[in-house]
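Both of the next two complexes hold subunit A, though its partner changes from subunit B to subunit C.
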Partner chain A sequence: MSVQLDARPPATPAARRTARPGRAFRLSRLDEKYSPYLYIAPFFLLFGVFGAYPLAYTFWVSLHDWDLLGAEHPFVGAENYSRLLADADFWHSVVNTLGIFVISTVPQLLAALWLASLLNRRLRARTTWRMAVLVPNVTSTAAVAIVFGVLFGRQFGMINWLLDLVGVGAIDWKANRFASWVAISAMVDWRWTGYNALIFLAAMQAIPGDLYESSAIDGASRTRQFWSITVPLLKPTIIFAVIVSTIGGLQLFTEPRLFHSGTNPIRGGPLRESQTMTMYMFENAFAPHYNFGYGSAVAWLLFALIAIVAAINVVVLRRLGGTDRPARARRVRKERSR
Partner chain B sequence: MNRLWSASRLTYAALAASALLSIFPIYWMFVVASRSSDAMGQVPPPVTPGGNLGANIARLFSNTDAYFLTGLINSAIVAVTVTVSVVFFSTLAGFAFAKLRFRGRNALLLVIIATMMVPTQLGVIPLYLLMTKLNWNDRLPAVIVPALVTGFGVFMMRQYAGQAVSTELIEAARMDGCGTARVYWNVVLPALRPAAAVLGLLTFMTTWNDFLWPYAVLNDPENPTVQLSLRALSDGYYQDMSQVFTGTAIATLPLLLVFVLFGRQIIGGIMEGAVKA
Partner chain C sequence: MGVFPRRRLAAMALVAATALLTTAGCGGNEPAEGGPVTLTVDVFGQMGYEELYQEYMAAHPDVKIVERGTGGNLDEYSPKLTQWLAAGKGAGDVVAIEEGLLVEYKANPQNFVNLLDHGAADLKGNFLDWKWNQGLTADGKQLIGLGTDVGGMAMCYRKDLFAKAGLPTGRDEVSKLWPTWQDYVATGEKFKAANTGASFLDAATNIFNTIVLQTAGNAQGYHYYDTGNNLVVDSNPAVKQAWDTTMDIIDSGLSGKYGSWSEEWVSAFKQAKFATIACPAWMTGVIEGNAGPAAKGKWDIAQVPGNGGNWGGSFLAVPKQSKHQAEAIALAKFLTSAKGQIGAFKAKGPLPSNPQALDDPAVADSKSAYFSDAPVGKIFAAGAKSLKPVYMGPKNQAVRTEVENAVRTVELGQRNPGQGWTDAVDNAKKAAAK
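Let's look at the complex of A and B:
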């Protein structure tokens, strides 16, 4: 037995070529060498065909005049892109996407941080609280978008009723551009704040307790501890959450699409008040236009935008409240102890 | 655990307010679903359940635009198939990445991590063209097959297999003459069960929820997923809100059920994934 074990590691082709006794042994050697590839092959095959290839091919399609009915789709180079850059509706959707992204992500992550700090205490019924804040995340996005569409209704919506109670006039949430951004952001935040809070909570629990103890001995207040210890140590997690929010947030589709109903809801309101870039891609690539080339160009510009915004986020977050904070705290501590 | 700050009344008040905000829209969905269609115009808006749920359900299932029952069945077929497949292929590949040695392992793992960062939703147009070529438009394989594997699943199972599956046990099984396939089935899969269950739950919920791709490729109104039935209801000119809300409530119910039964595991899975990421 042990001899066999010792013989295993040098799995060089030379070793394999020398005649080894036993067919079973040769078979198990083959099994060991090739079965890993067999086990990972399904992922790479399926992802290659249905994930990577379509994404790359989108770029190829975007260089053509390609629609559903045309028998031919001639190569047009960058024409789709130059048309797109001069397309006011496209830029409108870019501004909508970025606007909704900013007013949903920033409050969401701050609220999640706060909620995580609440959950990170000695609580009774811990799991129940966690489930309560996570439940929005497990609901059907389409269902929730429809419900929020009604809550934010102009005439009979509950939000306007509440606003009326406190003396604020009714807001036309679906036909006012900024108001529709706020309503859609509320929907996104409702869904994702609790989820991000649990992610932050997990990271908070991984912070060693003696950091807090020693800073408490130095007389640091809890607020001070939160901003000088918790937040800097959470930075990798925060960056991760921001990247995920960027990738998801800039592709926003279901919420704005189902927030609107009636005629042409894919436009996101009568004057495209909250049409996101993904909706604009959809409107051009599928019903009613079926202009695949033009839609693909939208997809690639959105891809570029995601990459740019994600990169900016990483750079800004790395600098913001950077690594100098704990260092400064240490320095202060040293000076005090002197 | 004594380093944790104690929770004051204010903490509980703030948490209760957050919980109320979280739960209210869902609760209200069920309220409207149980009332008659004039509930919409009432001032103040009703916040207690009514007795009209049965009638609303009957109207919903006989609605000739929504194909709600077909939608439910289709969504169940799609979500169950995708879940079984994702769990199977992810545990298999995760096992290979965590416990087997092969050339190119680290590079291939990096590729998998990279796929998690790629917005594949942007590939819907060629995917649509591909489905047209395969003649899968308007048919369920179009929404099932592209979802059969996820990079997230492989990565999650790889991380878990690294710590949960003992290498000694694998070696011992090998000594007894097990091939890698039997090692996977008899040793690895049982050890991965808790994480595989979480992956299954998350996959089921994501798939049940999926909207954009089914919306693009399933254009036949008679063969929708349940989310597309909701779209048909919501875009309908009649806007019978108690009926629409009955639809949203029923479409949400399986997810809530899963969450109530397995919430603890789901939370554990999300939080463990966060620390490792």
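Let's look at the complex of A and C:
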């Protein structure tokens, strides 16, 4: 402190008398300047401990031949990555992950949009309906996965029984690549469609009603209103939902893992029909291989894949109709409300 | 100006956040000092220890025993245990280790207490020689686990389904139906022709495991790895022979294709959807658990086709991370003693690895009420002392998984036997190299 006091211009007696209020003023200036950092510090500390540190550590591990139980972990550089890039089972899991992601996310978001527009109309017992769509999301993923696993059973499953009633042969949902993707997507959609519908609904309610009124006067049909007013104004929300679904979809683990029961379910079927990247990571890092280094390399490539897919999503969505429209609409709305 | 306060603020933030984190991290309740010692025992499947715990706690009022994992699947238990060991935290004070996993743990014995340092050497005579040796590290200097059970082999079958198919139902006559695996296939074909609505056996993987362990035990004593730890899946005639026999079984359409240990498999037990299942001694407890009380008296036990064999069996070990090692070692010794093994056998059927326990009338003369009063002591215990174990190499679990999966792909019709064998060999090599 004294150093700082000395650094100030020579103080007059009058200034000395006002030293106290000056310090208080300075403190409040400091408070204003730095206390925001204090307020956000908990997030960054938590992120550092639980986000950044594990990320960096995983990378460090991925550069080693790291047996989970081993006493020594020799450094091998990029060897895990080069082996992984040549590993057919890894690419198989990448295709599975992307396949399940596409056939779950696309119908899910479309259905959510449709549900939200239904819920946005004047309905009887509207709150009940709105709450009802969220119920699947409250159920534990494990319970959902186990129930669906039984529903999609080969011999005793209800779905095959129903298929049999209408004369379609039984499908081995767990040992047929495309069928298992569909079954897992059904699980994911059952759980997340309602959640996304509520998010879309919230955004829809922020769209001013006069836009619809004036378009109705201009003779626009409901469908036209939906595609020309609702969807464009929902674009930021859709981008948000797509990115969140991307992250969740590419990290899919619990549903496919619990879909398979019995010996070595982490393979996702005898020919790895529905083994996702996270399952492949687990298979390598834990049982039966316990090769932590290789598993960590899978984790990093998964991270890279998510980043790439998210970037593609944003670019594609921006191209579709341009981003400036929602912003302009917001500006218009603000001006009107003034 | 401002450098100092900024640092101070940062420090304050750090302190605040650390305080937040540490309070959040201190949720666990530590046991009160001086109170009874709580020992956690981690198990899988049906070990049959419940009554033994009661007895032990009555004799040791200062010890409280908590068990985790009964009824659990080995495939879920093994990775969990490995994670606890790797993390240095979380494992029980006494842990059960299946023989296939033990070979992997032997490569890193530093995770376990050396039982030889705690007077275990005197117990050598309490175990079948090979079982004792399995618990030792390669250099023989550390004993990781004390043997619990061995997996002497038999064939369990449903009498009601056999009667429906017009086959004999008495266990001696049934044993005479299948001196060899070819006879077993022939019996299966007869059973299938009778159209009972059930299949002859549960899953090709189970029968394959039984055959490969039996064939290898009777031949050179190893299957996927030779005793020099070289992978020999493609060159070991015992493996190929077991593969070919299994292909015959699949080809004859005898398997119900219920993936072993899956939910469908459990349902198939309940609905009596298959007539036979290869049953190592520990499997009898699994059958009883899955088929439930309704099927009591409907199952019986006959000789296994071929000759003998051992599948599975476990050990009890004390991880180094245990805070109550002395008490844990005492408990492990009790549970693997003749008395402990007899108690477990009576409760859930795992066959003792202790020669005194095997000779004890409580085991040797025992009958299983669930399995139509089958003389399980005579069926399992008689052969236990002459069991021929199979050596397991370092990546046994991963290799076994690949071979079993190849069997499964043929069973489900995804691969023909030739492609399946190629897959088995290639994938086993790949798994061994990981």
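In this section, the second predicted complex is superposed on the first by the 273 of 338 C-alpha atoms of A that agree within 3 Å, B and C clash if a C-alpha of one lies under 4 Å from a C-alpha of the other, contacts with A are read in each partner's own complex, and residues count from 1 in each chain.
Everything that follows uses one rule, which is that a contact is a pair of C-beta atoms (placed from the backbone, for glycine too) under 8 Å apart; a residue touches a chain by one contact, two chains touch by 3 or more.
Computed from a predicted structure; not experimentally measured.
**Q** Using the touch criterion from the header, give the chain among subunit B and subunit C with more contacted residues in subunit A.
**A** B
**Q** Of the partners subunit B and subunit C, which touch A:Asn120 in the superposed model: first, second, both, neither?
**A** So A:Asn120 only meets subunit B here.
**Q** Which partner does A:Asp172 contact after superposing on A: first (subunit B), second (subunit C), both, neither?
**A** In the superposed model, A:Asp172 contacts subunit C only, not subunit B.
**Q** Considering only touches as defined above, state whether A:Ser35 meets subunit B (first), subunit C (second), both or neither.
**A** both
**Q** With the two structures laid over each other on chain A, which partner does A:Ala299 touch: subunit B (first), subunit C (second), both, or neither?
**A** The answer is first: A:Ala299 touches subunit B but not subunit C.
**Q** What is the contact status of A:Arg267 with respect to subunit B (first) and subunit C (second): first, second, both, or neither?
**A** The second partner, subunit C, only.
**Q** In the overlaid three-chain picture, which partner chain does A:Gly149 touch, first (subunit B) or second (subunit C), both, or neither?
**A** Touch partners of A:Gly149: subunit B and subunit C.
**Q** Where does A:Ala71 make contact in the superposed view: on subunit B (first), on subunit C (second), on both, or on neither?
**A** In the superposition, A:Ala71 contacts subunit C only.
**Q** Which subunit A residues lie in the overlap of the subunit B contact set and the subunit C contact set?
**A** Residues 1, 4, 33, 35, 37, 42, 46, 49, 146, 149-150, 156, 261-262, 265, 286-287, 292, which sit in both footprints.
**Q** Could you please specify the touching residues of subunit A with respect to subunit B in the complex?
**A** Checking each residue of subunit A against subunit B gives 1, 4-5, 24, 27-28, 31-33, 35-37, 39-40, 42-44, 46-47, 49-55, 57-58, 61, 115, 118-124, 127, 129-136, 138-144, 146-151, 156, 158, 161, 190, 194-195, 198-203, 206, 209, 212-213, 222, 237, 240, 243, 247, 251, 253-254, 257-258, 261-262, 265, 278, 281-282, 285-287, 292, 295-296, 299-300, 302-303, 306.
**Q** Using the touch rule from the top, collect the residues of subunit A that touch subunit C in their complex.
**A** Going through subunit A, the ones touching subunit C are 1, 4, 7, 30, 33-35, 37-38, 41-42, 45-46, 49, 67-71, 146, 149-150, 153-156, 172, 174-175, 260-265, 267, 270-271, 284, 286-292, 294.
**Q** Help me check something: in the complex, which residues belonging to subunit B touch subunit A?
**A** 1, 3-7, 11, 14-15, 18-19, 21-23, 25-26, 28-29, 32, 40-41, 43-45, 89-90, 92-93, 95-97, 100-102, 105, 108, 111-112, 115, 117-130, 145-146, 148-149, 151, 154, 171, 174-175, 177, 179-181, 184, 205, 208-209, 211-212, 215-216, 219, 227, 230-231, 233-235, 237, 239, 241, 244-245, 247-249, 251-252, 255-256, 258-259, 263-264, 266-267, 270-272, 274-275, 277
**Q** Contact residues on subunit C for subunit A in the complex?
**A** So the residues of subunit C in touch with subunit A come to 1-2, 4-6, 9-10, 12-14, 16-17, 20-21, 75, 78-79, 82-83, 85-86, 104-105, 107-108, 110-111, 205, 256-265, 267-268, 271, 273, 395, 397-398, 401, 404-405, 408-409, 412, 414, 431, 434.
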